[in-house]
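Data block below; observations after.
Order as written gives the chain letters A, B, C and D; numbering starts at 1 within each chain.
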Amino acid sequence: MFKVGIVGDGYTAAELLRLLAGHDELEPVCILSTDNVGKRIDDIYPQLTGFSSLTCEESKIENIIGRCDAVFLALPHGLSVTMAMELLPAGIKCVDLGADFRLKDAALYEKYYEKVHEAPEMLKEAVYGLPELYREQVKKTDLVANPGCFPTSAILPLAPLLGAGIVEPAGIVIDSKSGVTGAGRTAKASNHFCEVNEGIKAYGVGTHRHGPEIAQELSFAAGSQVEMIFTPHLVPMNRGILTTTYARLCSGAKAEQVREVLEGKYGKEDFIRVLPDGRIPHTKWVYGSNLVDIGIYADDASGRVVLISAIDNLTKGASGQAIQNLNLMLGIAEDKGLKFPGVHP
Amino acid sequence: MFKVGIVGDGYTAAELLRLLAGHDELEPVCILSTDNVGKRIDDIYPQLTGFSSLTCEESKIENIIGRCDAVFLALPHGLSVTMAMELLPAGIKCVDLGADFRLKDAALYEKYYEKVHEAPEMLKEAVYGLPELYREQVKKTDLVANPGCFPTSAILPLAPLLGAGIVEPAGIVIDSKSGVTGAGRTAKASNHFCEVNEGIKAYGVGTHRHGPEIAQELSFAAGSQVEMIFTPHLVPMNRGILTTTYARLCSGAKAEQVREVLEGKYGKEDFIRVLPDGRIPHTKWVYGSNLVDIGIYADDASGRVVLISAIDNLTKGASGQAIQNLNLMLGIAEDKGLKFPGVHP
Amino acid sequence: MFKVGIVGDGYTAAELLRLLAGHDELEPVCILSTDNVGKRIDDIYPQLTGFSSLTCEESKIENIIGRCDAVFLALPHGLSVTMAMELLPAGIKCVDLGADFRLKDAALYEKYYEKVHEAPEMLKEAVYGLPELYREQVKKTDLVANPGCFPTSAILPLAPLLGAGIVEPAGIVIDSKSGVTGAGRTAKASNHFCEVNEGIKAYGVGTHRHGPEIAQELSFAAGSQVEMIFTPHLVPMNRGILTTTYARLCSGAKAEQVREVLEGKYGKEDFIRVLPDGRIPHTKWVYGSNLVDIGIYADDASGRVVLISAIDNLTKGASGQAIQNLNLMLGIAEDKGLKFPGVHP
Amino acid sequence: MFKVGIVGDGYTAAELLRLLAGHDELEPVCILSTDNVGKRIDDIYPQLTGFSSLTCEESKIENIIGRCDAVFLALPHGLSVTMAMELLPAGIKCVDLGADFRLKDAALYEKYYEKVHEAPEMLKEAVYGLPELYREQVKKTDLVANPGCFPTSAILPLAPLLGAGIVEPAGIVIDSKSGVTGAGRTAKASNHFCEVNEGIKAYGVGTHRHGPEIAQELSFAAGSQVEMIFTPHLVPMNRGILTTTYARLCSGAKAEQVREVLEGKYGKEDFIRVLPDGRIPHTKWVYGSNLVDIGIYADDASGRVVLISAIDNLTKGASGQAIQNLNLMLGIAEDKGLKFPGVHP
């Protein structure tokens, strides 16, 4: 039994506790907070009543060191770096659910997050925690940058195709649709029920922070700079991301290769289901689960490839993937605590 | 490992398979269907892909006998009786998720379900499967009538108070609000998305079939005929029932006794959470779980008691409770496969 | 063409502007704000682009006097009194959409709104603006207290029955279900999309401020103090209130009289539709309209009466009714600008 | 006052009646049906109670001729042709809300609608009813092919840019998100509330019938065959389409020209609002209205253009546009009966 801490008390923290309630090798021993110190976590999240009796403690290093083998940093960007700088030397493994270690280029981080990175040398060390792409690196590292929710949904279907040279690394369009939990728990006009319900909008057009993160990973996969555009949309639902990706077959590539490459790459993965021809993902099929569903449309005549991927943004897009990473880092079975289907209907 | 069959392929069958995917002592070995014979269940319910590879078989006794230790009958009313009549003598335990064995009075069954009961003598034998009220009987029976979803939510908070003589057995108002899965999977005008979304309605006012079921159990609890009215409402959500029950303190009873009685009765139950003063249930807190949340308002001045209870209609209101019952019938730990919190947010 | 001002910039203000866009005898000439002074109203509410080009002005009397014939006060409680005290002497008619003039008893106001009423003598003067009950008084007054949304839905079906002595003035249960716009535009944890969506809860059990308002009007109708309980619920939808009212036939009264009384009272009303037997209101049928739908269930055997009423809380429950009142006060046709059906589906 | 008939009783028929209730120069005198002959329309659509007392009549020509000046054909594809063939010679103007006259190429119609067109010679005669593009032709014709909902949202923002040679006619991606009313009123598994709510999916990937319709009109605008792909998605909401269109600036074109062209083209239109920089459409802003909102993102560095357009699929995407067309055909003011803002929140 490993002891783990959670730093932060937002939706991803609540999701960690939900998932850890069914994990018999990770025991959450503390939760750290800024706003809710002294409050029981099940008073903040009554759904956890009977499953976690932790009380929020002050967000400082001393509340972790000596008590935890590993921590989940579930913090707004900019706050994980200093924490990780102290935790790692103390031998505590870190999974950062925030954005601080995702971009390898500190200048890009500064541009998109409007903040100078405090420890750019750590960016090399951190492993981008997509186990399906970086499993061996995750196993060996003490610092995982848990991917963003949109990037998880966008990178998984596309990276193997770019890597195999099947689709062109230019002209890619990534159109994502997300539930509202992705915007976090803080009450804002933009997540007021009445401003979201019974409507849909795009946001962050051309400027969303997950754009460079996706581009980085797709470029790594392609072995060259990828040209792409990413647009997120807000859908009136709590959970789920559906990403529709438009790409083109490379000259000489065949539509059928798309399926071959994806099934070859992911056929034995626990959490990725490449759906059969004609089946198109619905986010509800992965609701509350750590699964990724990928649907494929590819057409030789037009050379068009459309990939549709579905995840639960709080699970595979955040807390589930974080546990998957920590399982690997600690030598636990990768699917421990995560092997269950989506809640549907 | 016990082998279980599922008869029926509607939403409660899908929910059984979702829950059984996490149950290590019950193995679903067959699923029987009328409309989908020969189809894989994960083609019908793609969320189950990777978790169940069963193919629907014809709905006949021979497909069960010799293969199953127990069955879940998840059928429209009227179809379980003949099945149970053959399965029980073959030594197969039955949990009926339908309405055929819930009412003890065959005449009432005939009135509300417009069908002569084919085996009224079995009504005495069947145990009404609310484990929190009838645990010992459930353990000993081979035939459980799994309660209706509304009755589960209405009976649990009120029965102990009637039993203790704290609230009056007359003038009770039970106002329930349900998600749409309660109406089943068949496409009808009344469950068309556009007819349900962004609105609320009452239905079955004064005539709903769960009325007599609730009255029966409340009357058993009270030891006398209870006078009550029950009204269901349809809420634009998939899962969840919130039941608001209005009753009156008996002369001489004190408001504080309401909490005392309920906490005394349910304090050690795995699946019932009597919420502290001032906390009012939200159905999302029990979403996808087998939990029941009960909130209490009681006021000495007016003598009014308001009980608010929340369940997931597909889980505690149907398939979760069915597994809880079968666990008891087979001597398995009662909470096996069911011990997890709700999916929220 | 009368010139009107709007004081406040919340959802009811936006709804006033939506409705006034189709009203050819009332011209909105100014909108007053606290937080958004200098902002165009169609920047705050882009749906109004092309329909209102007003810019928010500071919330002070001088911005109204000399420019307006009448004002709508769409303010949080406690702020309308001083405004009305200055506007009325200046000959400006006031419709207060807030709670300041609804309760006739200043002590009750103080208890429920935690504020000493600054002009209790005005309470007598103000007319409770339910035109279907107080039409002649509305026509003659300069100060209308526009009813609360829940009270509008609860009083209309019940008042005539109490007035006619058909139903008992005790033991009444009023169970209301509201959309989220009723909670206003300010972002709060309780109206965060993810806390509301896909779930339902009760709130303000036993303590909601609309309770005494309903009791006041029902008691006026009955001619004696009514004993009742009111419980609101929050439904995952933007607009709409469905109120389910439980009462009992008086001894000697017949079920059929319920319909007779309601049809007699409301048969010629523009905005009330008493639905035929067996038709139960759905809030979507009145969505965006000034209509009230009333469904009736009454049963001689049990003596039970269930009334189900549906309104749009922002229209008949607030801004539509406010315009209906001002139409009457200014001698305009009562239905001017309000005669359109609900937006469904 | 012109007399109009409605053939069909689905959601677009209901929407026509809703809109015509506020139109003082068009009087609906009959509604024809297949399934509901003899039923009152306000029994089918209770929201219309008090606004239309028509009774559904049999769907045959004799029920129209001699009674109507014009008809709206709101029928499944394939059924309008024979009706129009008889109505036009009788001097009755026709607006077809179905797909029978939209495609100019009968072979394309046959391919996508799996039906030989019965009167291909009429395809030339019919005017594609996008008034903002074909106003003068609409005024002069007796037969309008009312555009599909997705095409309306996709063509309006893009056609002027293609016409002006600002964006490239190849590599266009059109990603649309629609509410569920677009799928019609017939109850199907795919529009069951529980299969749609709290999730999102793509459908008809690469094969949707609105693809060739969009391509046809964009090609007319460009003056050459456009290469594009169109993917619709189903969003858990009743009304609204948001279309996100991805294109590229032509070599030599500047990002700022996108706005210049669109504002130049649509600046004086009643129903099109080109939103200012940084404002991105939300479908709720046009809910229930005939408006089109267009948001622009264009970037010189990448050459990317993203256009976001929002309509109400039942109004501007169907019945509102049909009335707009008929207004033009009959010499009525184009905005008659349609000049109101969206219902938000």
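One rule holds for everything that comes next: contacts are C-beta pairs under 8 Å (C-beta built on N, C-alpha and C of every residue); 3 or more make two chains touch, one makes a residue touch a chain.
In this text, all values refer to a predicted model and were calculated from it rather than measured experimentally.
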Between the pairs B-C and A-B, the one where more C-beta pairs touch: B-C
Selected pair, out of A-D, A-B or A-C, that shares over half of its residue contact pairs with C-D: A-B
Approximate Å spacing (C-alpha centroids) for the pair subunit B, subunit D: 46
Rounded Å distance between subunit B and subunit C, as computed from the means of their C-alpha atoms: 38
For subunit A paired with subunit B, centre-to-centre distance based on mean C-alpha positions, whole Å: 36
Touching two or more other chains - residues of subunit C: 11, 181, 185, 194-195, 197-198, 236-239, 282, 284-285, 287, 344-345
Residue numbers on subunit D that touch subunit C, as the complex places them: 11, 14, 18, 21-22, 45-51, 181, 185, 197-198, 238-239, 273, 275, 279, 282, 284-288, 291, 293, 314, 339-345
Subunit A partner contacts - residues on subunit D that touch it in the complex: 171, 173, 175, 177, 194-195, 197-203, 205-206, 227, 229, 231, 233, 235-240, 242, 244, 246, 280-285, 287, 295, 297, 299, 302, 304, 306, 308, 310, 344-345
Of all residues in subunit D, those that touch subunit B in their complex: 11, 179-181, 185, 187-189, 191-198, 236-238
